[in-house]
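Each in structure tokens, the structures are laid out below.
After this come two complexes, each holding subunit A, first together with subunit B and then together with subunit C.
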Partner chain A sequence: MKVSRRDLLLGTAGLTAGIFFTPVPWKVLDDVSIWTQNWAWIPQPPRGPVTTKLAACTLCPSGCSLRVRMAGGFPVGVSGSPAHPLTKGALCPLGFAAHQLNWHPARLQEVRHQGRAASWEEARSAFEKACAEGPIAIVDGRSGRAASIVLQSFAAKHKASYDALRNAEEKSLAPYAKWANVSVSSLGYDLENVRTIVSFGAPLLDGWGVPGRFTHLWAERAAGESDPQLRLIQIEPKLSRTASGAWRWIPICQGSEELLAASLASVLIEEHLVPAQGPVPPASVTDAASQTGLTPAAIRELARAIVDRKPVLCISDGESPAIAALNLLLGAVGTPGGILPKSGHPLPMPPASANDKPLRAVLIDSTVPWEYVAPEGAEAFRFAAWDGGGSRAEWLLPAPGFLEELSDLPSPPTCAVATYAVAPNLLSTSAQTKTAAEFLLQIDPTLPAIDQTIRARCEEIFRARRGTVHAAKPASIASFESAAKLEQALRDGGVWLDDPPAHSPLKCSLREWPGNSGNRAPANWATTWAQPVLPPLAAKLYQESSLRETPQRSQS
Partner chain B sequence: MSARYGMVIDLDRCTGCGACMVACAAENNVPPLPARATDRTGLTPMLVHKVNNGLEGAGRREAFIPIACMHCANETPCVSVCPQQAVEVDKATGIVMQIPQRCLGCRYCMTACPYHARYFNWWDPSWPPGMEKTLNPGVATRMRGVVEKCNLCHARLHTAMEKAAAEGKKEIEMTDYIPACVEACPTNAIQFGDLANPDDPASQAAHSPETFRLLARLGTEPKIYYKSRQPWVRALAERSASGHATEGQHV
Partner chain C sequence: MNRHVLAFAIGLVFALVAGWVVFPRVLYSHQQQPVDFPHKTHAAKSGNADCDGCHPFNSDGSFAGIPKNDTCAACHTDKLGTSPAEAKLVDDYLKTGTTTPWLVYSRQPANVWFSHAVHVKRAGLACADCHGALGTSDEKRLYEQDRISGYSRDIWGHSISRLRRAPHDGRTMSDCEDCHHKRHIEVGCFGCHQ
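Showing the complex of A and B:
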């Protein structure tokens, strides 16, 4: 049979048309698609069995319990543990991507001296020299930990000053601590029993205190209700997340919060809405109206609304003696639904020592925020897991990252009931990293080791026979056979919660109405760091959506 | 197994914290994008929008509306336009699935989606060195040039199904299948469940008179329900439901 050119063309055309009625082109297309989506350079997830371990977050003092999914020895997912009695499984947005932080490009990998690579030995000899010349200071951003005991003991032994920095929540409790002559860490807010909260700019629904503690209360008792069980009155210049979720939002001029508190106090006394006791505030309603932007009638109406449903609790954003004095007037100090001392608080801390002399050197713990500026002229030894930019230090010393450090977590600020947890180190640390406590322990091995302090604290809790350990199943302390078993339960992710306080009296005395403490910058996690070192996925919140402001946006 | 998975989101409880967005991205191996990525070019299978009541002064209020794929049950727009059959409605679960291996990146589905819940993957997935060790082993990474969206954490459904199979059960326990955004919500604003099961709390909540669906007038039967007791939030939803705008309100 002779094949003509025409037959050849017809056959080719027929084959071409016919091939589309077969699975061949679609299979080829499918395979090409799959092939082009599996290039060698495309990252592949790790292999290995997935296990779940309990841990605790150490990114902030709240100490939220974590459920960490591990594969191939690495954390591949983080979620909150519902067993935690305060957070009930809640985490802040950053917590969900915190396991990626250890590979953040800003991770400090080596000791750096004035921007150049150096060794731990050089850092150690420089610090020992500074100690010998003195005076030096040790700055701790989160006092009360076992590591803090090391820092404090070193300071006491080497005649250094120990400076414990406080965050905004702790600062809000400082006036009561001063008036009652107790430590700030022994006080907390009894939010569970309060019926009206007057927040002077405190970001109660945006990461304030322990994530989940107030938001759960708000969701159950206030969200969306026109007459909620829990009334939240937000006094703040800007419509924040908390203001949006509040029962009432009172917009006032920036910096006039304390004057408004004083004028509310004078209305409460003048109209006999509270039993008159203590000093009378010097503020008049007319003055307050001119500075706050509210009308005198609005201030009087607000004062009546505040006491309409008791107990009432005022919360400031940072230290504010005038707002604390308003709480005193409202009877919110030392009573249920107010400010309470943590009864049986088993972890007392000695007060910080201060040094007014010019410092030769300052050792800054990794818990200190980057906005902290070392005293002028002092040689700064800054421990940090990530380079936050901000104020530079002569020495940058790499510290362990997320889940890389054994630590303990005493009661978080604002909590009225004592808690204790242990954050295990699920990941091995690099040989290049050291905590400030480890650094000092190498210089002076006679200091109390972190393991020993954790053990001693567990023994103390065991001896007190108070409270419950919240793990997969809650267990009272009485059910533990030994302190070692209690310690193991805490190392496995359990959280000890003390029994509710027995309302021991908190005597605060105030001779005269406190003055204005000045304007304060608004608290915002995105602006408090000199250069936020956030998990890369946090960009979803401020870059790929307009949900949160970047520092640049908020400044503009 | 014949379920119809869906959600009921209580907007009054949403504080706009964004935990759902970050948890979703971490669970589904969504990569961190270059600094030039924006809300138009980003990858946010769950995106929380901020809306307000249009008033000024003390009367002004804001609310937050989390929007993910609505998993439309009727005439699913993205399914009908896809030339590659890269979008399928799983009959067993009601989940609208995106199959990246089939996707050509033509973005018809993005145009067709009335909720703007689909995102084009503009960049190759890449993580800072070492960070790929933290990827979720249950979810494959996707190449650039494909469309992505919420699949109700399908990997978690697979895990729950494997567990049920290992235990000799035909049906999964709903406690074993909780999408990442639901698990992450600190106020329990998101209820998830089988809307076809009348005993499921989410199903009961979805069928209560308080709930509404966005753009309900289109008749696509979305499986994401919302609820709010705020009249202005409901008015916004009614605008989307009936087509009648209420003056002074802005999305």
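Showing the complex of A and C:
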């Protein structure tokens, strides 16, 4: 029988149809999807004993405790450690996946100079030349660490300026530090004893402060209750996640927070809701109503609601002297449930220094956020583990990645009790990476080594005989036989927490009500809107956003 | 029969035979265990009728897994019998101190975190619920490895279609999810992929 072309085609059609009635397509699809996850160039942890180690996260200053699951010596999973007294096992989403960051495509693997591969020797020569020509600045994104001491010491010895950047949480404490003449890092919020929080745009439920600290409090005392133990009043133009979870959300016009704070203070004094102390704010309720979009009655009612349940604490998003002054008026400074000084703080933090002179070069530590822009004309030596847009820096210097660097973690910002932790380097670094501190130590070996500083700090804590080390089981400092054993406990993932601060006064003096910090929105929003300067889509968004002209403002 | 229908039917039958009979045989490679290990005989002779006699939980709650050479050496210090398997065990592994490279039928990939303690101690599952009659059989099973994915056949299950499977047959993610749904235990992604 002769097989025709049509027979072959029909046979092929039958074959094709039949294959879909077999497991072949589905099984092959499943297997191929697994196969693509196991290509040779995809990093695979080696097979080996599975262990769990405690460590500390260094991605931000919060220093959350980690439980790192290691397989064959490599981290394959990260979760929060419930032993941490502040985070209680909470971790931010980035922390949960942090062990993957070391294999991120943007991981820096080599020294780069103006986009081209270079060597550490060339970088060192260029930096030494810049130091000789001067002036230079060293920028630290997280002051107070042992590595910061290296940077600071180098700056002091080589007549460079040392700039410690502050994040929004630290900036919010800056006015109190200025008025009380103390350092920002020695202050913190006593959230655990507060009953009403007035947040002026601070993202309390969106990653503010130490992860888990406020969310635990909110979950235990506020979530889902009509009259919660902890009242959160969120004053913010947009319905953020914090605003949606708050007891009350007060939508106001963008940039009018400080004016509202001043008007609330004037209502509190007028209606004798607080003892009249300190300067009287110049703002009137009518002015504030026209700027904030609230009615005068609403502002007065808000002032009464704030003091209805004390202690009350106001928190700003960034530096805001007017909101700090409102806290002073409410008696929230230096009292439980307010802003407290850390007692027995063992780690003095350097003040931020400002440098207005044109710089020859700037060395930027890997803790500095990528938003930081080096001064115009300065040769930038940028340390980073991952390239976040460093093409603007002349020198891009690869820093150790996650769990690759021995570091220490002093008290996180906003925490009212001193803490100390050591982040061990669970992974060895490659020869191509260096921290900024190691780079400077190679140039000047007389600088204090990180190991030595950590040891000295542990000895200082041991001598003070205060606090508890929180690991698998909490152990008081008195139970440690030596500073070396304390250091080992911290290197094994323990966190030292100081005893709760005794009631130590924090004297803030304020002669006149502070002016606007400059965050205020332009008063001529309506004028701007009247003249169509925005592109159509932005104009539409503006019209439908909370920035638009409010009915109250239109009537006035 | 119409000639065209016949051509289509031949193609169809060929595909069905290839897919259901030939494909599973081609897909899996077969490997022998380094040493034949009859579970039933060992359980009877050692007096460890329960699985945790040889596969205990450590004091910290972790699962010991496959016994180390020390456990085997407790009885096999010298050769017990004249079988080639016995000679290989004693000469190649126990005397040299080399870890016996057992091929683990139920090994999960590295991105899966599985706690025996949680499933056995807390949920009260029996070993046979997942491992079948492995511990009560003297069957010398081949280790079948998927040539594409590299996984053991026990992960997908012995039924290539995954229809009419035994309850313990298959340990894919959907099998874990099904079991959890039945018991109303929700663990989320990070429960297993930590």
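Rule of thumb we're sticking to: the second predicted complex is superposed on the first by the 467 of 556 C-alpha atoms of A that agree within 3 Å, B and C clash if a C-alpha of one lies under 4 Å from a C-alpha of the other, contacts with A are read in each partner's own complex, and residues count from 1 in each chain.
One rule holds for everything that comes next: a residue touches a chain if its C-beta (ideal position, glycine included) is under 8 Å from a C-beta of that chain, and two chains touch if they have at least 3 such contacts.
Note that the coordinates shown come from a computational prediction; the quantities given were computed from them, not determined experimentally.
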{"item": "First, second, both or neither for A:Arg241, with subunit B first and subunit C second", "value": "first"}
{"item": "Which superposed partner A:Val24 touches (first subunit B, second subunit C, both, neither)", "value": "second"}
{"item": "Touching partner for A:Gly11 - first (subunit B), second (subunit C), both, neither", "value": "second"}
{"item": "First, second, both or neither for A:Phe96, with subunit B first and subunit C second", "value": "both"}
{"item": "First (subunit B), second (subunit C), both or neither touched by A:Ser79", "value": "both"}
{"item": "Partner chain in contact with A:Ala431 - subunit B first, subunit C second, else both or neither", "value": "neither"}
{"item": "Touching partner for A:Ala40 - first (subunit B), second (subunit C), both, neither", "value": "neither"}
{"item": "Greater residue coverage of subunit A in the superposed arrangement, subunit B or subunit C", "value": "B"}
{"item": "Residues of subunit A at both interfaces, subunit B in one complex, subunit C in the other", "value": "30, 34, 44-45, 47, 69, 71, 76-79, 96"}
{"item": "Subunit A-touching residues of subunit C, taken from the complex the two chains share", "value": "3-4, 7-16, 18-20, 23, 27, 109-111, 113, 146, 148-151, 156, 160-162, 190, 193-194"}
{"item": "Touching residues on subunit B, where the partner in the complex is subunit A", "value": "10, 12-13, 15-19, 21-23, 25-27, 29-30, 32-33, 35, 37-39, 42-44, 47-50, 57-58, 60-64, 100-104, 124-143, 146, 180, 183-184, 186-189, 228-230"}
{"item": "Contact set on subunit A toward subunit B in their complex", "value": "30, 33-34, 36-37, 39, 41-48, 50, 69, 71-72, 74-80, 89-97, 99-100, 102-105, 205-207, 211-212, 215-216, 218-219, 223-226, 239, 241, 244-245, 249-251, 535-541, 543-548"}
{"item": "Subunit C-facing residues of subunit A, complex", "value": "6-8, 10-19, 21-24, 27-28, 30-32, 34-35, 38, 44-45, 47, 69, 71, 76-79, 96"}
